[in-house]
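Each in structure tokens, the structures are laid out below.
Each of the next two complexes has subunit A plus one more chain, namely subunit B in the first and subunit C in the second.
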Partner chain A sequence: MERIPILKMGKFLLVTIQVDLYDRLALTLEEDLIQMVHKTGARGVLIDISALSIVDSFMGKIIGNIAAMSSILDAETVVVGMQPAVAITLIELGLPLSGVHTALNVERGMALLAARMPEETDSEDVDDD
Partner chain B sequence: MERIPILKMGKFLLVTIQVDLYDRLALTLEEDLIQMVHKTGARGVLIDISALSIVDSFMGKIIGNIAAMSSILDAETVVVGMQPAVAITLIELGLPLSGVHTALNVERGMALLAARMPEETDSEDVDDD
Partner chain C sequence: MTRNIVTALQENQDRILDQWVNQRELSEDFGGNFNSFDDLKAQSSELLTAVLENMTAENITDLYASDLEPLIEYVSGLTLSRAKQGFSPRETATYIFSLKDALLKVLGELITEDPKELYRSTLEISKFIDNIGIVSFETFIRGREEVILGQADEMAELSTPVIKVWEGIIAMPIIGTLDSARTQVVMENLLQGIVETESSIAILDISGVPAVDSLVAQHLIKTVNAIRLLGADCVISGIRPEIAQTVVHLGIDLSKMVTKATLASALRYAYGILQLEVRKAGKEKSNL
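Moving on, here comes the complex of A and B:
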């Protein structure tokens, strides 16, 4: 796999991580994501890790990087779908994911992001083909 | 990888296919997806294939299967993010994905699904696709 797809959903971007991130894939993801935030003016980034049963410190670092970079571009990061074992591992590794919001699933993550930007109440236009 | 995550987004389910489907993974996906449609009462299934640069007839068959199964459970299937080369290949393989809607990206796919079910009415529609 060359790159992880980034889906635009309204004001937010959604990334589903399904494979272990190796160095180059992670760097490509960081770069793509920041470019997308810049290009689309997204206000939030949702990272779904429900497919991951383990994480390591590298993965934790990448998520932290993404959150920090997005934050500079005024987008908040929410990690969703974390498995219980992953939460345990993160804490044991000493990676509390500071600066990153978490939510149980994508729906709650989107609700969290939406709640944090109440003033931006532009309704989505449904374009009919 | 053991299974592809299925994300619930409101009335719809979203699946991002990032890896080549081999036999067992495809069967697991079919089964998981149908279970999720049943459990959540989802009205639509979005399959994002933007990460796939090639498809083969097996992949086409799996998408067709998912659409047919979902249809029986009253959920419509939309394939989104198809790369141009993939569209060419599908037609050349003689797999026009009948019974499957397509849209350029997830946003348009969701708009398409939303437009096809403007209100949750209990009246039974006879769809003749």
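Moving on, here comes the complex of A and C:
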């Protein structure tokens, strides 16, 4: 069965969706991704959807689910490279993906995640003192 | 109207044409717009042929008869071409109604014995030509409406430019009322602009929006959310005091959006986010 590869980059996981997501594939991705977050102890999940041109309410829900599950496992989710048409569709569907961080491209998404990490370690250090 | 009167009119087509084109108001009104009297005569002849060929004893009282289609099409085409040539609606209408005079005059010469028949035929011809005039008017107005719709589209296109203000900052001034269709265009252009320029901040300036009601606010909130989904920030600027009042009175919650009073303060905020600093050149030197 077709699977979407999940790459580990340091403390983060990178998922690049290159094919049209049908419902079962999306569900598999959700499961695999959470397993990987748990296994690797990743602090951030980067989902690149720049190649995704069609989105429906189910996809919006899956992305929201991934973000919610990751945040329980203490990992932040960043969705990068969303197409304007996809953004408009999600808004019209009433899915503003409020729990998810967004960035224009993978590079900026990485920078965003990296910027959030030291902050947290700093604050932990402060707590320790 | 009896069949033989229609036939008689058809037989006297040349007489009617002469009668028509030689009318005083016709030559006066159209002297300037036609290249020559021959042009006028040629066009009038075509229209008269169309009228007489399609007029029958049955359909003269019924403009919606299907066998009148060719005539209606011809009149529509004629009106459109005249409108393009710069004729006013009055001129076109006078032209068509003047045919009535010519027809009635020849009719009067044809029916000499029976005044009742003459009266009835006159009424019918009068109504028939009036209907042709109405078709002409409808076409004229439809043509005008197409022009107006086209202009509205062009205005919508023109009034939503995406301006690159700085590396990573784009702005879009909105001028005119924001309705659903406009919002769609604004949203698409702005999102496309963000992706193309890889900007991380978009400034939406609404100083040119005359009024903000709950619907417009709803549209703004949608746009801001869509921009956030792309991974950029949105600042709404150009909020006039009256608009701030309306928004609060309507109970619209804009607290989740970044709003600034002027484009300048929005720009300053954007510089702050991008960690840029604007200062007077040479200031440090003078300090030294």
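Methods note: the second predicted complex is superposed on the first by the 117 of 129 C-alpha atoms of A that agree within 3 Å, B and C clash if a C-alpha of one lies under 4 Å from a C-alpha of the other, contacts with A are read in each partner's own complex, and residues count from 1 in each chain.
Note that in this section a residue touches a chain if its C-beta (ideal position, glycine included) is under 8 Å from a C-beta of that chain, and two chains touch if they have at least 3 such contacts.
Predicted model, so just to flag it, every value in this text is computed and none were measured.
Student: With both complexes overlaid on chain A, does A:91 touch subunit B (first), subunit C (second), both or neither?
Tutor: A:91 sits against subunit C, while subunit B stays out of touch.
Student: Thinking of the overlay built on chain A, is A:82 touched by subunit B (first), by subunit C (second), by both, or by neither?
Tutor: So A:82 only meets subunit C here.
Student: Output check: A:19 vs subunit B and subunit C. Expected answer is one of first, second, both, neither. What do you get?
Tutor: In the superposition, A:19 touches subunit B alone.
Student: Between subunit B (first) and subunit C (second), which, if any, makes contact with A:10: first, second, both or neither?
Tutor: After superposition on chain A, A:10 lies in contact with subunit B alone.
Student: Considering only touches as defined above, state whether A:55 meets subunit B (first), subunit C (second), both or neither.
Tutor: In the superposition, A:55 touches no partner, neither subunit B nor subunit C.
Student: Touching A:29 in the superposition: subunit B (first), subunit C (second), both, neither?
Tutor: neither
Student: Is A:105 touching the first partner subunit B, the second partner subunit C, both, or neither of them?
Tutor: The answer is both, since A:105 touches subunit B and subunit C.
Student: Intersection of subunit A residues contacting subunit B with those contacting subunit C?
Tutor: The answer is residues 81, 105 of subunit A.
Student: Spell out the residues on subunit A that touch subunit C in their complex, using ranges where they run on.
Tutor: The contact residues of subunit A facing subunit C are 79-84, 86-88, 90-92, 96-97, 101-105, 108-109.
Student: Quick one: in the complex, what on subunit B touches subunit A?
Tutor: Where subunit B meets subunit A, its residues are 1, 3-5, 7-10, 14, 16, 18-19, 48, 50-51, 81, 103, 105-108, 110-112, 114-115.
Student: Given the complex with subunit A, which residues does subunit C contribute to the contact?
Tutor: Residue positions touching the partner: 184, 187-188, 191-192, 194-195, 198-200, 222, 225-232.
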